[in-house]
Amino acid sequence: MTEFIVPALGHLIEPWNIILMVAGLTGGIIVGALPGLTATMGVALMVPATFAMNPTSGLIMLGAIYVGAIYGGSNSAVLICTPGTPSSVATTFDGWPMCKAGRADFGLYTSLVSSAFGGIIGTVGLLFLAAPLARFALNFGGPENFWLCLFGLSTIAVMSSDNMMKGVLSGAFGILISTVGLDPNAGIPRFTFGYYPLVQGIEVIPAMIGLFSFSQVLYLIGSHKPFIAEFTPTKGAFMQVTRELATKCKVVLMRSSLIGTLVGMLPGAGGEIASIIAYNESKRWDKHPEKYGKGSIEGLASSESANNAVIGGALIPMLTLGIPGSAVAAVILGALMAKGIQPGFKVFTTTGDLAYAFIFSQFAVNLLMLPVGYLLAKVMAKLLSIRLTFVAIAIVMLSVIGSYAIRNNMLDVWIVIIFGVIGYFASRVSLDTGAMALGIILGPMIEENLGKCVDISKSLDGSVFDVFFASNITIILMLMTALSFVTPLIMNKRKKRRNAACACGTPKEDGHA
Amino acid sequence: MKKRFTLRLLLAFLLIISISGAAYAEYPDSPINMIIAFSAGGSSDVQARITQKYWNKYSKQRLVFVYKPGAGGAIGFSEIALAKPDGYTIGGLNVPHIILQPLVQRAPFSIDSFEYICQAVNDPQVVAVRKDSKFKSVKEIFAFAAANPKKLRIGLVGPNSGHHLMFLEVIEKFKFPASPVFYKGSADQNAALLGGEVDVMFGNLNDVMRSRDELNILGIASEKRNAFVPEVKTMRELGFDVVSYIRRAFAAPKGVDKKALAYLTDVFKKIAADPGYLADMKKAGQPEEYLDGSAFSKVVHDQYQHDKAALQKAGLIK
Amino acid sequence: MHKGVSDIAAGGFIGGVALLFLPETIALEGVSAVLPKLLVFGMLLGSAYLIALGVVRKVRSGEAEEEGEPTAMSRIFIIGAGSIAYVLAAPVLGFYVSSFTFLFIMATILLKHDGSKAKAAVLNVIFAVLMCLVVWGGFDVLLSVPTPPGILF
């Protein structure tokens, strides 16, 4: 390894590569912030451009776009309650309340610093632990992924602890919607209602644009406010956020980044689940879980650090085994293969120059993201000083083109409109659109992995339960899922007890840190 | 003065339009849409992009890539089949996908909905195991499976895919019961093999090459050995008569203008013979094999009969 | 909205969706049927529970009317109908023509400007043109993301 450090660092200080990193980050952040344009698309669109570059520069740029896009998703999550990429669903939970409370700059800076932190932790994992982590990730097969998804789904119970029935039904609605299209186990069409194009299923992203962004347009237009939220920038907000993250959120940040790295390297799971699980865990272990969902800095920090830590994690099995840990990593893998670079543990030796240049560039990109993201956040916060009606109408146009761009298909645009209306009325009757989105995202993975368990059980002459109990990881995940369903009950009890005990003074803040 | 100029400009403009719109205009006079039925960056896309690179060398018009992914390619294939047959919409097809989708998924096209231009890739399927697997040969695997009914787990991408068909053919021909486990894509399938969830996988050479260091290829289901892995014996050499491929081809909608088809055939033929193209395909791990339109059409029709019979036998269709 | 009414509406929605999926669910067989059957029947039960709960709450009516933020349903209806018209028009008229029309008309109807009518119209045209230019520059030129095709552009 040591022999590659100097030449790898040499690549990083080439001006051309620095320009590519900054350009990739800027482009990535903008692509990520626009609902409909995801990280996968941003990277895929730029792959042809890398064919003209040398492999190192091409890879560095794709990596920068990836990092930028995943962070960029938080900008729209905070400012207009629309996750720019599926990974930032959990960012809306606390980011949007923060913005509504007039603290948009705090929200944006928290996302920025947490994203950079998460990204760096993920890259540390990639640099030092690639080999053992890749081997560990391979232990996650059908049963493990099935329970991981259920564990992710159990978040619904924690999220909607005041109204569990409605939360669970919203999740069920989401999963049911996700069963439209080709069945993953038998390969036959379901729920097409006699309309053939539905065989491709209801794509996650248009459904999410509908549930979050179009329904938000309806909400905003219907409110009599002149602007989305009151906002006057606070002097020194950035430093204040950094200080707060470094003191009372350090445990949250660390835990979430580790969750992100671990989930990221699993081939079947990506940022969508990682950020939800991290959010859930932060809430579970916090002394004051009731502040989550109301604009807490911890909630925002956990979601954003986790989804950026996924990047480093997702690159681990891609580089070492040729198995991409996320859709974006798959696209990058395609670009690598087209350059004739063979993944495998020997990328660190035979093409070590390139591999280490890429890994070090990930550090550089995450650090560069702080200034680049800071400037862009300042620009994006200006959105709040534009008349609400203009913003809302413009979001409709962006939603239309964004959803069309995914598959070049008008069906997806209709899905946006339909789910927008559903989302708006659902939230008026306190159904949970977050739970619906989770169901739509996790539904196909749950069914597909359950199918694998059934396939495997046939070779054991037993039931799926034999498959579940055959693996220690599965048993742990099952226990965690059970625990997760019980937590809201305990939390409610604790809340009641505390309310009963006294209302004396503010609780101490530095409990577990 | 100014008015007259405008008028003249307008006349010139009309003239241009009428010339280009005339039936005798030289094909192609505008960019040609290339429909890709899979997402950008995937294996099919990489291959088509390499083709595009050399397309520009032999044609004055550009190729415009239109991605229509969904339903395992069925959405994009339908789009090609239903396009206007004017030669300005062509696309990439995959076999056996276009054979199986109408049979199993009620897709709105059939193998007769296309005018085949050429075959570009012939990706044979291989039998692969983990590097440290106890199986050292195909024979051992099949013997184990026969001795331990249903115990052997075989990883496949599918269901109703080329891999699934190869599986059906193998269990039918060699009479052993094994348990298939289906994966969404080759990435998951490779991961499952390396993680030990399945004992063996039937996968495409192109996909297996990505994790080449981690697994052993025991046999290749092709007519002759492949240049990428010359040391691997064919299944026939090993005494098992199994041949199974995934092919990638380019096609236009049925009834496309004869002149346009001739032009396209000519350009694709030149591309397929270009040394630069061949080198790029090799670098990208794409097992290139050119067949002209009529030869490919015959292959597809033969395989249709074969696959239909196989699916009926397995009870997957009536 | 009254809490009871909200429960009944939520239950009705979930139950409605389940009923919509019910006929095809029953027709499914084998592995494909497992998850949908579980969901559809679970949702039917859950919706029945919610509706019952809502009715009880409504009848007891001990809980007071909850005052939410005031909403202008007419404005929501306008933007909803406008968006539907926009999506219908896009593949026919072309993306940019319909986008410009949509942006301009919606801004004109929904935005209350302080100044004169002419000034407002100019502002709205600038807004519509600017958005179209930004989208065209960003999506078509820079990223070459396709926009819905139509007769015009």
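A, B and C are the chain letters, set down in written order, and residue numbers restart from 1 in every chain.
The criterion applied here is as follows: contacts are C-beta pairs under 8 Å (C-beta built on N, C-alpha and C of every residue); 3 or more make two chains touch, one makes a residue touch a chain.
Everything numeric here is computed off the predicted structure, so don't read it as measured data.
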| item | value |
| --- | --- |
| Overall pattern in which the protein chains touch one another (line/ring/star/complete/other) | line |
| Distance-maximising chain from chain A - centres being C-alpha averages | B |
| Between chain B and chain A, distance of the C-alpha-averaged centres to the nearest whole Å | 33 |
| Inter-chain centre distance, chain B versus chain C - centres from mean C-alpha coordinates, in Å | 39 |
| Between chain A and chain C, centroid-to-centroid distance (C-alpha), Å | 24 |
| Touching two or more other chains - residue numbers and ranges from chain C | 146 |
| Contacts with two or more other chains, residues of chain A listed in rising order | 41, 45, 185-186, 188, 408, 451 |
| Residues of chain B touching at least two other chains | 66 |
| Residues of chain A that touch chain B when the two form their complex | 40-41, 43-45, 47-48, 51, 137-142, 181-182, 184-189, 196-197, 199-201, 267-268, 317, 321-324, 330-331, 333-335, 337-340, 342-346, 407-409, 448, 451-452, 455-456, 458-459, 461 |
| Touching residues on chain C, where the partner in the complex is chain A | 1, 6-7, 9-10, 13-14, 17-18, 21, 24, 28, 30-32, 34-36, 39-40, 42-43, 46-47, 49-50, 69-73, 75-76, 78-80, 83-84, 86-87, 90-91, 95, 99, 102-103, 106-107, 110-111, 127, 131, 135, 138-139, 143-148 |
| Footprint of chain C on chain A - complex, ascending | 30-31, 37, 41, 45, 165-166, 168-169, 172-173, 175-176, 179, 183, 185-186, 188, 190-191, 193, 214, 217-218, 221-224, 387, 389-390, 392-394, 396-398, 400-401, 404-405, 408, 410, 413-414, 417, 420-421, 424-426, 428-431, 443, 446-447, 450-451, 454 |
| Residues on chain B engaged by chain A in the complex (per definition of touch) | 39-43, 45-46, 49-50, 53, 66-72, 74-75, 78, 104-108, 150-153, 158-161, 178-184, 187-188, 190-192, 194-197, 209-214, 283-285 |
